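Each remark here refers to the structure printed beneath this line.
Order of writing sets the labels: A, B, C and D. Residues in every chain begin at 1.
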Amino acid sequence: MTLLEVENLDVHHGQLHAVRGFSLSVEPGATVAVIGANGAGKSTLMRAIAGSHLPTAGTIRLGGQDITRLPAHRRVAQGISLVPEGRRLFKSLSVQENLETGTYRAGSGPWNVDAVMELFPWMRERARQNSASLSGGQQQAVAIGRALVANPKVLLIDELSLGLAPAVVKQMYALLPRIVERGTAVLLVEQDVSQALAAADLVHCLLEGRTVLTGSPQDLTPAQVEQAYFGLAHAGGGPEGN
Amino acid sequence: MARTTPPTTEGTTTPVAASAAPPLPGALVTRAGRASKASAGVLALAVIVLAALPYIAFAGTTSSMVTFFVLLIMASMWNLLAGFGGMVSVGQQAFVGVGAYTVLAFANMGINPFVALPLAALTCSVFAIPTSWLAFRLRGDYFAVGTWVIAEVYRLIIIRFDSLGGPSGMSLPGLNGMDPVLRGALTYWAALALAALTILGCYLLMRGRTGLALTAVRDDETAARANGVDVTWSKRLVYLVSAAGCGAAGGILIIDSLSVQPNAIFSVQWSAYMIFIVIIGGIGYLEGPLLGAIVFYALQQLLAGYGSWYMIILGAIGVAGAIWLPRGLWGTVTNKTGIQLFPVGYRLNQPWTLPPNLR
Amino acid sequence: MSPLLQLSGLDKRFGQVVVAEALDLTVGEGEAVGIVGPNGAGKSSLFAMVSGDLKPDAGRVTFDGEDVTARPAHQRCRAGIGRTYQVPRPFEGMTVFENVLVSAAQGSGLHGRAAQQQAADVLAECGLAAAANQRAGSLSLLQRKRLEVARGLATGPKLLLLDEVAGGLTEPEVLELVELIGQVKARGVAVVWIEHVVHALVKSVDRLLCLAGGRFIADGDPATVLADPQVLELYFGGPETEEGAA
Amino acid sequence: MPAAARKETDYPMDLLNTLVQGLMLGGLYALFAAGLSIMFGVMRMVNLAHGDLAVIAGYLVLVLLGGTMFPLWLVVLVTLPLFAVIGYGIHRSLFSRSLKAGPLSALLVTFGLSIVIQNGLLEGFSADTRTIDMGVLNTGAFHLNNQLSISYLGLLTLILAVVVIVGVQLFLSRTRTGKMMRAVSDDADTASLVGANSKHLYAIATAIAFGTVALAGIMSGARSSFDPSIGPTQLIFAFEAVVIGGLGSLWGTLAGGVVLGLTQAFAAHLDPSFTILAGHLVFLAVLAFRPQGLIPQRTV
């Protein structure tokens, strides 16, 4: 049965029609990636699924239940957690406290603060430190941990690799299987195409708010992806290329 | 394309003149429409009728109208300050008080209070310079309460001067010998003249180069700065102008009541009135204070018999207005109809709205 | 080309985040420079430091032979630095014409008819003449982006900073914008353009730089920079993984 | 001269007495300021009706004492939670709407509320001044020697101020709700992504602020007389304590209250008519030379 189902979603960001007729479905235990250049509407899409930004049209269903109009803070208990773009840790809270905020409306499941600290052993030593003193990669880890302890059915990650050193990006992606193996589906948006292609079971490429290319990574050629990504050829990147 | 008509520059073209004839093909912009031509006429007529009021109405009526003009002046000044400068002050009573006491001080020196009125305005803008230096360190809510404290400081300093009556205040010398009817009429005319001057002054200010910059500051400070507007200078100018206006209003108040009481003249109530009038009328619109003052005055007349209930109702209306009618009455009207009483805008004329090859 | 804008040793950090580290950049008169780079690389902060919205922690900004590091934003604008904002910031309560008139009157210091003339001309050039008397708050995204450019131009700049003016536009709209920037260049105005819509950028600039982690990692003609392994790695994680994914 | 000589010898004791009185007055100001500081710290909102709420609490206690057979401690115990509940309700119905309508709106709404409260009280209780009779608390004091005495009420107020500030500090740092409140204050949008309902949490902050200001109003009503119009004065003192101490820092607020109390006490010692002005001038001096306040660090 489909876990998360998005149908014909339209989202406006002020005057900007950021997401246009977007549809997607995520199966339990799957990793789905949405790729695209900046301004393609990826973050707006994630925020709409998480409930921070109400869509103008379309429906979002979780486990068959319509949650399109549910406010963000109530979606957490339903099983949706978002790791927001730019980490957005609570800067006056310590590492431990940041993780604890995630348990506020947590569902039951394998994740708790201890389990996250086992995943990232360095966190134990720095638990009392202010989160603003962490490096970018460490902040990203805390942000993922904060979302995980709510035991979401679907974990949304907005720009996992953003602003991180390549080595750290590899570490972050290495984590994903360990999250998925405990039953959580992952939906992520990414500018870093290669990592997304390597990690995902299914890829959507977004250009100006529309899906221009979709498929499993094995079936897509680099030329197709590059075209869709930069929009160098119009009409949605056919395999003919440049 | 003949573009031989004299240049249309701001300030020199009155709304009446600009709309008297249809714009010539070469005129670049128009500054006023037909509605404003009518409204200018109505306003001028209103001023003339009001000026004749002491000859037709009872002294009681003209005396209560003085309050109306004072409130109109204060509210216009607060609108300039908060609506265009983004500075929400709860401390404008500082200048109301300083203005009143300046008239008193000059009267003590033997200068006619009516003559002292412009001096009061001037004194207030001088006082506003060091005040702004301190107050401009604060933003938002803190600016509001900070200006309030500054007003309190002015009050506490002034009551230390025994020559100005100390904490209990004193009566205004210099007008005692005058015939009460004549004095009442003179006060009325002074208030009317100042109110008309305030509105005209605001209009001319907002119509000119500075007004355009101020409107930009109102809409987006950062973008205004990036497009060459000296935001700090604009704000300081507005602050000084509004101090002067409130000072003149304070001067009228002491002339009208012939005495001053420090707690009353420095009361935060004046700020409450200004805010109420502007919020109800429409903040950031020149028409707002005028409409708000009329509503306020009407409510005052209607509810005057109910004691403190009057203020309770005013407060409640203010709360409701701030939440549900953020643009005020005038903002709502003008957004729906596009009507403007005081057009300060520019309309680019027909040929210029076409692409160059079609002009 | 004599240098118009010179940045030397700019440093800026917000807490742990470095947005500029010993940053140097020289832009010649009339030169068109593009800047690409991932989100959070410090591109918008760079503009803010040039236009005076943001104070660098260290380093100097020299414009037209003068050190402007300590000058406030409005003075830099009057000196000839025009800019646009990534998220358009029109004066929503004013008409389009009035918006541009603010820049013409305050930014380029023109008075009366001359300012109005300049505003009208810029509107025509930017394809906004027909919307001149509309309220800026009612504009579409494309029109807002054009208005940003129009205001920047009306300040009479020697240097125009464009911050993602093509983002969020449809393909034909982007092409119209590219044409407009071409006209600006033709008038001898230097342009620095930050853009994610890379194909629009490469059509317009002579030189491309890539900013990452607060420093420039590539600088050269657009084709070379876009083929630079470091740049590719930023976007696609390096050429070898690119093949690996196929 | 014998008179002058006697004054000379008493001078240190005199100063000590002023210091003690100033400290206790500072405690009262800190108690007033705590609520203002909490609301600013959590939701960046200045409640201009803050002082008037304290006055309502004073009148409510008077009414309850007069109308019921309840002893004072029970009346206080009823009043504080009642105020907290009212605070929660007012936030959900009024403040949250005004916060959404923009920063100007919140200021205007609370200012309007202040006018409504002042005039409502005037209508209900007339302009006569009143005091809350707390029996021995009002009059009693520890007499350390014949110059130096510490009044029960002053000491209790100071202790309550410290207890309230420590208590709120512990609540924010130790409890789940307190931590979420800090999270919401940092970034309300992100906090909603971990399940925080910012309206609810803000309303709790308002409830705490209302409860503490009610306590301040009661203590102040026992210490000196009050009438419907003194709210704005209380607000200004509280505001000065917050700014002197440093925005958003509760410890700073305590320090700010004490600085203000000491300033006023020493000024009164020199010239009673200079008392209030001296406090204002210290406040303006802080604005001019140390706008970040004494303890600028944000702890709320």
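Please note the rule applied: contacts are C-beta pairs under 8 Å (C-beta built on N, C-alpha and C of every residue); 3 or more make two chains touch, one makes a residue touch a chain.
Everything numeric in this text was worked out from a predicted model, so none of it was measured.
Two chain pairs, A-C and B-C, are weighed by contacting C-beta pairs, with B-C ahead. Spacing of subunit A relative to subunit C, judged by their CA centroids, is 30 angstrom. Taking the mean of the C-alpha atoms as each chain's centre, subunit A and subunit B sit 54 Å apart.
Computed centre separation for the pair subunit B/subunit C is 40 angstrom, with centres defined by C-alpha atoms. Centroids of subunit A and subunit D (each the mean of its C-alpha atoms) stand 46 Å apart. Taken together, the chains touch in the following pairs: A-C, A-D, B-C, B-D.
Interface residues of subunit A facing subunit C in the complex, by the touch rule stated above, are 14-16, 18, 37-39, 85-86, 91, 132-136, 159, 162-163, 166, 169, 191-195, 197-198, 208, 217, 220-222, 225-226, 229-232, 234. Contact residues on subunit B toward subunit D in their complex (touch as defined above): 82, 88, 90, 134, 137-138, 140-142, 144-146, 148-150, 152-153, 156-157, 160, 268, 272, 275-276, 279, 283, 307-312, 314-316, 318-319, 322-323, 326.
Subunit C meets subunit B in the complex at residues 51-53, 72-74, 77-78, 83, 85, 89-95, 97-99, 101-103, 105-109, 111-113, 116-117, 120, 123-124, 127, 129-130, 132-133, 151, 154-155. Taken in their complex, subunit D has these residues touching subunit A: 176, 179-180, 182-183, 185-187, 189-198, 298-299. Within the complex, the subunit C residues that touch subunit A are 15-17, 38-41, 139-141, 144, 164, 167-171, 196-199, 213, 233, 235-238, 241-246.
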